[in-house]
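Notes follow once the structure below has been shown.
Order of writing sets the labels: A, B, C and D. Residues in every chain begin at 1.
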Amino acid sequence: MRRVMVLTGGGDCPGLNAVIRAVVKRAAQENDWEVLGSIKAFDGILNEPTELMILDEEKVAGIHYQGGTIIQTTNKGGPFAWPVKKKDGSWEYVDRSDEMIRKIQYLGIDAVISIGGDGSQRISQKLFEKGLNIIGVPKTIDNDLSATDSTFGFQTAIQVGTEAVDKLVTTAASHNRVFILEVMGRDAGWIALNAAVAGGAEICLIPEIPYDINIILSKINARFHRGKGFAIIVAAEGARPKEGTVVAHASNEVGYENVRLGGLGFKLEDDLKKAGCEHDVRVTVLGHLQRGGVPIAYDRVLATQFGVKAMEMVLNGEYGRMVSYSHPYITSVTLKDAIQKPNLVTLDTALIKTARGVGISFGEDLIALEE
Amino acid sequence: MRRVMVLTGGGDCPGLNAVIRAVVKRAAQENDWEVLGSIKAFDGILNEPTELMILDEEKVAGIHYQGGTIIQTTNKGGPFAWPVKKKDGSWEYVDRSDEMIRKIQYLGIDAVISIGGDGSQRISQKLFEKGLNIIGVPKTIDNDLSATDSTFGFQTAIQVGTEAVDKLVTTAASHNRVFILEVMGRDAGWIALNAAVAGGAEICLIPEIPYDINIILSKINARFHRGKGFAIIVAAEGARPKEGTVVAHASNEVGYENVRLGGLGFKLEDDLKKAGCEHDVRVTVLGHLQRGGVPIAYDRVLATQFGVKAMEMVLNGEYGRMVSYSHPYITSVTLKDAIQKPNLVTLDTALIKTARGVGISFGEDLIALEE
Amino acid sequence: MRRVMVLTGGGDCPGLNAVIRAVVKRAAQENDWEVLGSIKAFDGILNEPTELMILDEEKVAGIHYQGGTIIQTTNKGGPFAWPVKKKDGSWEYVDRSDEMIRKIQYLGIDAVISIGGDGSQRISQKLFEKGLNIIGVPKTIDNDLSATDSTFGFQTAIQVGTEAVDKLVTTAASHNRVFILEVMGRDAGWIALNAAVAGGAEICLIPEIPYDINIILSKINARFHRGKGFAIIVAAEGARPKEGTVVAHASNEVGYENVRLGGLGFKLEDDLKKAGCEHDVRVTVLGHLQRGGVPIAYDRVLATQFGVKAMEMVLNGEYGRMVSYSHPYITSVTLKDAIQKPNLVTLDTALIKTARGVGISFGEDLIALEE
Amino acid sequence: MRRVMVLTGGGDCPGLNAVIRAVVKRAAQENDWEVLGSIKAFDGILNEPTELMILDEEKVAGIHYQGGTIIQTTNKGGPFAWPVKKKDGSWEYVDRSDEMIRKIQYLGIDAVISIGGDGSQRISQKLFEKGLNIIGVPKTIDNDLSATDSTFGFQTAIQVGTEAVDKLVTTAASHNRVFILEVMGRDAGWIALNAAVAGGAEICLIPEIPYDINIILSKINARFHRGKGFAIIVAAEGARPKEGTVVAHASNEVGYENVRLGGLGFKLEDDLKKAGCEHDVRVTVLGHLQRGGVPIAYDRVLATQFGVKAMEMVLNGEYGRMVSYSHPYITSVTLKDAIQKPNLVTLDTALIKTARGVGISFGEDLIALEE
């Protein structure tokens, strides 16, 4: 009996379970492969006692339409930087990679499939360099990976954001109000950008394009002036004002550096008021709603493709590579290539042009930017 | 040609359009009735020029599955307390009720259907006492009216809250976290209570039952101790701590009196941390998502029942009354009876007992309460 | 340790799992009660070997938002008419009730909670008369029980039907077509009636009101004549034509007596064509879509109320009774009273009047009917 | 003032309104362009009197989340084969293309954007050859166009199909049954294939792979034998049995050649019974549910991209071309290239391999096929 170990690392993402199910279903077509899940990424294999779950067809039945991951996940540092609490209460980070590889061999595990984001894939590459038979499956709800056309979870997050805009539009139109919808996106604005276009928002704020609060306000005022009784702002949590464009904050006030997840929306409300906004403002913070729930069909199909491909790469011994989608093929790239520069929104992005084409403002001085 | 004027007042609510459509469809079955909509509650009739919209079958086609209200709404004071800006910038409240009644007569309007909450129905009663042919249709998303078995919009708000809990549960189970979901409810906790039961939350905080932060924390800790890796708190925006149970706040901090819509969740997060919570906490603020969107079937049916009944009461001249649902009948009560004490959650409420039966905590000292 | 056995009988229904979960959660608050689930209604207890599942909090975690029932269900005859295959291949129905009661006692089971429809409750009453400590929980997706204000599953079925109407309306309006939506309802038309009102259909066909195909056609033609480019018919599967109103069918054709589930819609299409309908007709058959999927919040709340109440009745020894909802209370009625005449739509039903008030036709000759 | 005329042809498709809105919003950014919509494809311009609708920002506000098309559509033949009823009642097809081009010039229309499928684009190419300034926007819910990576509407149809599978799975697991879900797809099986993978069906029948009823049955029996109490079949409406694999039908029976939309599912049920299937079979026919309703975010984004691009092509005078998506770019191809061979499922399709990888059967003899 040969063994493949699967693990899920980083933030959870709709579609993880569909990947796991596909790996197990594909492995079940071979007579001599068993699938083990390591609980909470590398924790399951590193912890004493080891926490591994045998994954058979029974265990994965029906999990493809469940959000989350049945083998759990964690943001802990991984085998190269394993946190250990010292006697004085401080933390030390220990390299347990050699120990882990030995343990994997000892347990008769022939290959590892690591489903995770940028950080996880960097770990995978380092483990591969140390001789581990490892295969990566990309996972990023933010779609910020250049090595694949798209990743699962992303479309579900957009869908949740878009349905929120749809709901706000109907209530907004009955009153005269400004609505701020805060969505995910610390560094990449893809979710906000797509939800703004799909939902038909007026203003979209993303980390890649610093905003000017006065431009936002003048856009809102112009809209109300034209007789439109509401305006919708979709803001990525990582969006920030251009330096010098917001009123200085009092010393005892929270500055942008301390804005927490879910805090940008309320900060923006305050800044709009300070800048002179006379309209009622209402804030909705989606938070983890975007990670949870049933993955949409698109993400389940893509995740299933990734899972089957990963298992077939195990069967073919194609290690040191990450599964990748290059329309219309499911293919792979080396882990080394996979962890290159992230995929961020730029002013050249096709969807930015489309967004402007339907009149969406990014709160910036267009002329200044394009010069 | 006889005329009935319809108006919608107060916060918007899923199902308003279905009421309007039903009034118009029922009126269209008579040969001699025309329906007019007054834009933004009483503003439409009081403004100069008058803003009335003729509502025929064409206008209301398909609006029953749209949230909001096609004749808009407002929270302004109404004809007995019409706000007028004085020269010095301050506001004065003027009684324009007589003027309005004259205007209604002058325009040949035979009857008025006022769809609105508690405040609107009080105005309706006063207008009825002054001789206006007026009929009330109850509207409260919070379900805080005792004069009717239920009101439209309420079930849609619960559904939105429940779907949010569902999404949080799947993501919560993949990490070790506490999730706070802030839902509507300034004075009445019905939405939070129903969403907590339907979604299977662990803790439910409502305005009617002041909470003790330490009891919440010990409940969370007990759950994590039992190996459950997450806890969900559904909190109504109006929930508040029992006096003396939260750590005193620094002078420059926002106190509870200043917590805005969407602020309770973050306040609670802070208080949990101060009380010693060691788990990650994540906050989602639904805000106006609960008012918007497509009304669920239950609310559309109830709203349609109310609309047809209201028009039939006009045809029968049953003025001074409010439409009411008394299962299985659609009936009516006098406006005077309708504006009695609100329907709030009490310790005797059947659903409170059910909630406790499935282990939901209200953050209170059960023994102290029941003594 | 005391034991309560739970079983689910008849067709499945959204909310069954929420009842089971509530029973288990409530029982877990006592120190001395264990819950067992009998697999496939009475089969689990009657089969050899016995198929009972211990239901603890772990087992029922999160099941409230799953459709179906984790202890499965069956339409088999039950202990009084247990089907046994004879040597010649024919079936014999045997009374195994005494044997079953002995087995229940032998296994130390103190009480039984039977969640099921009309048929199940009749069996419960007979078992109670024989001395079994049994409590009924009503379950009928068709809402055809008079002994309770409403039952879980019903609102979910209406919601699924209504969302289908919504989808058809948008596509219908782009073409010139007649759409037939076949929904559940063999004897009772409640689902069709509610979905027609909530969705805004033009025609609603239910078992309680035989239709005249020519009246349907003239209604359709009148609508197209007024410039409305489509018409939606919501038809319960059990709706049938008034005698003599459809063209005689050729001898080799399927008659109405043989129309299967999902067949009425296509039959109706044929009859419309034969009666001279010149418009394109499209048929959608929802079938079991209405039983499946995530129960809406309303049904989960009601199911949870029923489950907690049932377990409390066990604790109080209130046997021979069925849980019942009598707004705003969760109460109970004797099983004897529960199995009285069904709750069918009548011409006096409030919602029939509402439906007519918004112009919905039931394909009947109104004057003839009311005379 | 310059004018662009927009029209939508063929079956309706979720996202059509989002294209129209994007064209109008983009045109509104120029000072000198007006958008006109021709009602029901070419009918609007060819009919007397002309039926053109001025499309301004007011008209298209909020239409992006509505299914259907506000300018309606038709399957009529178009300007080269305009149907005219002759005196004897038969139909004649007349070439009115020259007349139409003259009319377009006479009305001061500078360019035409034709949103439609294969047939529409062939007409566009012929009109372009005659000198008309025309641009195509691809529209096919079946995704059967090779000239673009994907088309709007397709993902919404998959989502509807997948949600149906999800619902059936929960109800199926409570009984022992076979469920047949009939989805769209006369010639291309993409929707069925994607919904089967996303929903986790056991069997998928598509037009491109003729099925053997006995292989389907043995697959079902094997599954029940393994203790799985249900099986789900997703069947495209155009799926057909391999010759000689179904029992000969009696002379008075409907043969496959006459199976109507919505009829394959029931035919399949009959054939399964005849082949010896002993399990209960239930059929759901989605029909037009897949065309209707709110487009998912993915389709709205793609449709908006297409609309903005089409208008920019008008501004640049890039006529005779069709908008196309070539990830990550929105680009264009010549109309001539666009109407090449259709995009059908083949045995080499990546998703077919994935489907087999998770154990989905296509009802075929795998060995025979691959030899």
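Operating definition for what follows: contacts are C-beta pairs under 8 Å (C-beta built on N, C-alpha and C of every residue); 3 or more make two chains touch, one makes a residue touch a chain.
Small disclaimer: the values here were computed from a predicted structure and weren't measured.
Shared contact partners of chain B and chain C, listed by label: none present.
Chain centres here are Cα means. That of chain B falls 42 Å from that of chain D. Distance between chain centres (mean CA atoms), chain C to chain D: 35 Å.
Each of residues 163, 166, 169, 173 in chain A touches at least two other chains.
In terms of inter-chain touching, the protein chains here make up one closed cycle, each touching precisely two others. Contacts from chain B toward chain A in the complex involve residues 11-12, 16, 66-69, 72-74, 160, 163-164, 166-175, 179, 229, 252, 260-263, 265-266, 282-289, 291-293. Listing the residues of chain B that touch chain C in their complex gives 21-22, 25-26, 28-29, 62, 64-65, 149, 155, 158-159, 161-163, 166, 169, 173, 194-195, 197-200, 294, 296-298, 300-301, 304-305, 308-309, 311-312, 327-330, 349-351, 353-354, 357-359.
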